[in-house]
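Below is one structure, written out as structure tokens; comments come after it.
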Amino acid sequence: MSASPLRVTVWGENVHEQRDASVKEIYPDGMHAAIAAGITKNLGDDVVVRTATLQEPSHGLTEEVLAETDVLTWWGHAAHGEVADEVVDRVQQHVLSGMGLLVLHSGHFSKIFRRLMGTTCVLDWRSENDRELVWTVAPHHPITAGIPNPIVIPAQEMYGEYFDIPQPDELIFISSFSGGEVFRSGCAYRRGHGRVFYFSPGDQEYPVYHHPDVRRVLANAVRWAAPRTRGPVPDAPNAPRDWWVSELPAEAR
Amino acid sequence: MSASPLRVTVWGENVHEQRDASVKEIYPDGMHAAIAAGITKNLGDDVVVRTATLQEPSHGLTEEVLAETDVLTWWGHAAHGEVADEVVDRVQQHVLSGMGLLVLHSGHFSKIFRRLMGTTCVLDWRSENDRELVWTVAPHHPITAGIPNPIVIPAQEMYGEYFDIPQPDELIFISSFSGGEVFRSGCAYRRGHGRVFYFSPGDQEYPVYHHPDVRRVLANAVRWAAPRTRGPVPDAPNAPRDWWVSELPAEAR
Amino acid sequence: MSASPLRVTVWGENVHEQRDASVKEIYPDGMHAAIAAGITKNLGDDVVVRTATLQEPSHGLTEEVLAETDVLTWWGHAAHGEVADEVVDRVQQHVLSGMGLLVLHSGHFSKIFRRLMGTTCVLDWRSENDRELVWTVAPHHPITAGIPNPIVIPAQEMYGEYFDIPQPDELIFISSFSGGEVFRSGCAYRRGHGRVFYFSPGDQEYPVYHHPDVRRVLANAVRWAAPRTRGPVPDAPNAPRDWWVSELPAEAR
Amino acid sequence: MSASPLRVTVWGENVHEQRDASVKEIYPDGMHAAIAAGITKNLGDDVVVRTATLQEPSHGLTEEVLAETDVLTWWGHAAHGEVADEVVDRVQQHVLSGMGLLVLHSGHFSKIFRRLMGTTCVLDWRSENDRELVWTVAPHHPITAGIPNPIVIPAQEMYGEYFDIPQPDELIFISSFSGGEVFRSGCAYRRGHGRVFYFSPGDQEYPVYHHPDVRRVLANAVRWAAPRTRGPVPDAPNAPRDWWVSELPAEAR
């Protein structure tokens, strides 16, 4: 079971916020700060949230940080290529050993998400103030607890199908846009011992991470993605014959 | 493998067409005739199509008819309750033994679909001339071969989420409507030895079964649902120890 | 979220225990008592467990009992046909509205499981003291937390493939038997708002429900199946145009 | 639809056959030759099969060869690390654009399979002449057409769970071994426009690719994996508003 409180690391690319006045106005402390605030506001003392950014040494994602992270969130867009492969390797290993991962919006095209999916992860897009409606198709799922159906987002970038991903283990949300497009906007996967959730609302030009329902989704997803077990990356043992005999408990003999 | 040509039975409830002038105008020979014509037009000599309706003895679905049917299509709406349970039992047994089944539009609420799904199969709806766009999310799938993305349907009844079905084995299409709703409009399932495809476009008040792209989907789905094997319904044998030894072929000893 | 403590109802057919000396010796208070004890032993004050049996009025499963049940477990074998259809209807409605359901061993052939699956649910079988090994294929799943891989069961009835069920939403366990057969022995499904888990170890002629690892699986599954939401069965509303506008929170305008 | 006849490229690592007398005795012309012969024997004039090996320039997998390949099969074990990354990139791109891929036995640990899965793909193993039984859990699937249940393989390397892969889109076969282990031995995936099938029987020290049932599985899988569509790798277009209007066919206006 996970440590208590849950240890969340919010990773932000932190490029648009530094160079684009329009983004800085919406997110004066960076998008990562808004994402972190939304999680903290919903989960309170059940979480300890820290942030890390591209510009820090090792992008702030050292072995030590990841070993102390139950759930990592990932937002990137302008600088996917600048993320060091060794950091991507490290994050992947931690996911496979049980760390939860939330991939947000244009993080669909990050190295880590493409690595975990095995596909191109391309999609259609248009940034022209579409109204997005996020519909729940899994009302039984913990990620949708307390979420209105639909979430109404007055203005957002459009992300549309075909989205080139493996079929999700669980499809949670489907969005429509005022231009008529649809998108699988909430997709849950299991990879190794880890859980991965992709959630698409959240372009840098719109105040989506201030939206209370979006924040609630992120908080629910943190809880869902928290590891049940956390151990080494799966290994490939040579198994001697009848080794499993030792698993028989005394009470069952 | 299936017989050649494929033997298709198009089942129609045939109630609206008899009593509603608006429907009769769109479908003067019945909706089943339009569905059958669309399949024949696309598959030509590869199929032999017949129709059956609620009003016939045994609703036209005797043991003999079903035994000679590779794929059955089902459209119903106003008279789900009038379908005899023994016919539903018979259709279910044939699906589980390998017959393909296409469930169309308001067939979502038919006895046979609810029987095969185990859930309520309810959905949201509104019949007010919504424009429907049918988006492909499975471009690799034979049902989407040659289908434009999206299919544009100028006017249709809206069907919206939450649609209370088991998660599809393969999600093929997602629709959006001009009112902003979304719907999992193409869902593929395997049940026993049989294949089931639900496809939602097709309300009686709109000429959807004359739409060439919709007709193409139905034809593709007939091919996909055709049985690979057709045998008895799965049975529950008592298995003697080491019975499988007889499966070892001489060449492999 | 579920009530705390979780309210569990263990349903037992209670026929073999009354008529077969061999079963009575293993389960002097009934199999349901052993199942209930295993859950209580593992979950302690986090659960309140009661039992119900076929012989009680309404089989002990009145509307009142089900309304106060978070998770129902179901063991039956000799008397599936004696379970009243109205009770099956009632249990199905509660599952679809969010109640968890654990179906155990020969419960695979119960009316309620076949109703929820839509298939025959047949399988191969042999009751000749096979050794069963229950292997984990989903180490990330809460049902497998703390469970050895494999669980070693010295003697059990063999259940083998082909098991005629829909592909599970999550496959959790696969068993092998000393006769060489395999079986999908732990299968998780979502139906409506409810969660369903089928777990096959547990024949009446073997002391499987005294096995500490099997008991741990049942306890984990109770936690997993407990409802996230519990409400009415999904309904089919007529949705007026733009009704969703009211879902936009004031903070997001 | 695929070209007719289907163009199959059988890729072999071709290392064990050159250096290990025990393997050379079983496969004097190389394992790839035996795999190719099995496909040809079953599919006859419906296929044209060629082989390619690690030792050829570009491992025999140039852009030209892959562009003319409908289905590629992959067997490797001793030299995964020697496969050039640029060839892996090229194969991945062709799979995502529609080429079928069959990954065989220890190919589970190849660069291309791990790339497409995103996980470690590790498993348990033991090479001590276990008897393997390959059970069908998807009798409706074209890959299992005409295959006995189970396939009996007198001696094989044991591959056991936990196998660290994403949950298959379709689980087709489960194997048991005389040592009691189980393994998901036939797993079907869709990635981009392509289909991927992993099939585990086939260690170099055993004559498994001479087994007639194993050969039939390979042939069925070639047919199944053949592309429905073959085009460019999915791309990420900027979508102008209302671009889809042009998809409305004249007949549907």
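In this document, chain identifiers A, B, C and D correspond to the written order of the chains, with residue numbering beginning at 1 in each.
We take it that contacts are C-beta pairs under 8 Å (C-beta built on N, C-alpha and C of every residue); 3 or more make two chains touch, one makes a residue touch a chain.
Just so it is clear, the model here is predicted, and its values are computed rather than measured.
Visitor: Farthest from subunit C in C-alpha centre terms, which chain would that be?
Guide: Result for max centroid distance from subunit C is chain D.
Visitor: Name the chain pair with more contacting C-beta pairs, choosing from B-C and A-B.
Guide: Result of the comparison of B-C and A-B: B-C.
Visitor: Distance between subunit A and subunit B based on Cα centroids, please, to the nearest Å.
Guide: Each chain reduced to its C-alpha mean, subunit A and subunit B end up 37 Å apart.
Visitor: With chain centres defined as C-alpha means, what is the inter-centre distance between subunit B and subunit C in Å?
Guide: Computed from C-alpha means, the inter-chain centre distance equals 31 Å.
Visitor: Identify all positions of subunit A at which a residue touches two or more other chains, and write them in rising order.
Guide: In subunit A, residues 133, 138-139, 149-150, 160, 162, 167, 169-170, 180-181, 190, 192, 234, 244 touch at least two other chains, as defined above.
Visitor: Which of the residues in subunit D end up touching subunit A in this complex?
Guide: Contact set of subunit D toward subunit A: 92, 96, 109, 115-120, 122-126, 128, 158, 160, 162, 164, 166-167, 169, 179-181, 189-192, 233-242, 244.
Visitor: Going by the contact rule set out above, which residues of subunit C touch subunit A in the complex?
Guide: 1, 98, 133, 138-142, 145, 148-154, 169-170, 190, 192-195, 210-213, 227-229, 234, 244-245, 247-249, 251-253
Visitor: Mind listing the subunit C positions that touch subunit D in their complex?
Guide: Checking each residue of subunit C against subunit D gives 131, 133, 135-139, 149-150, 160-163, 167, 170-171, 174-178, 180-182, 184.
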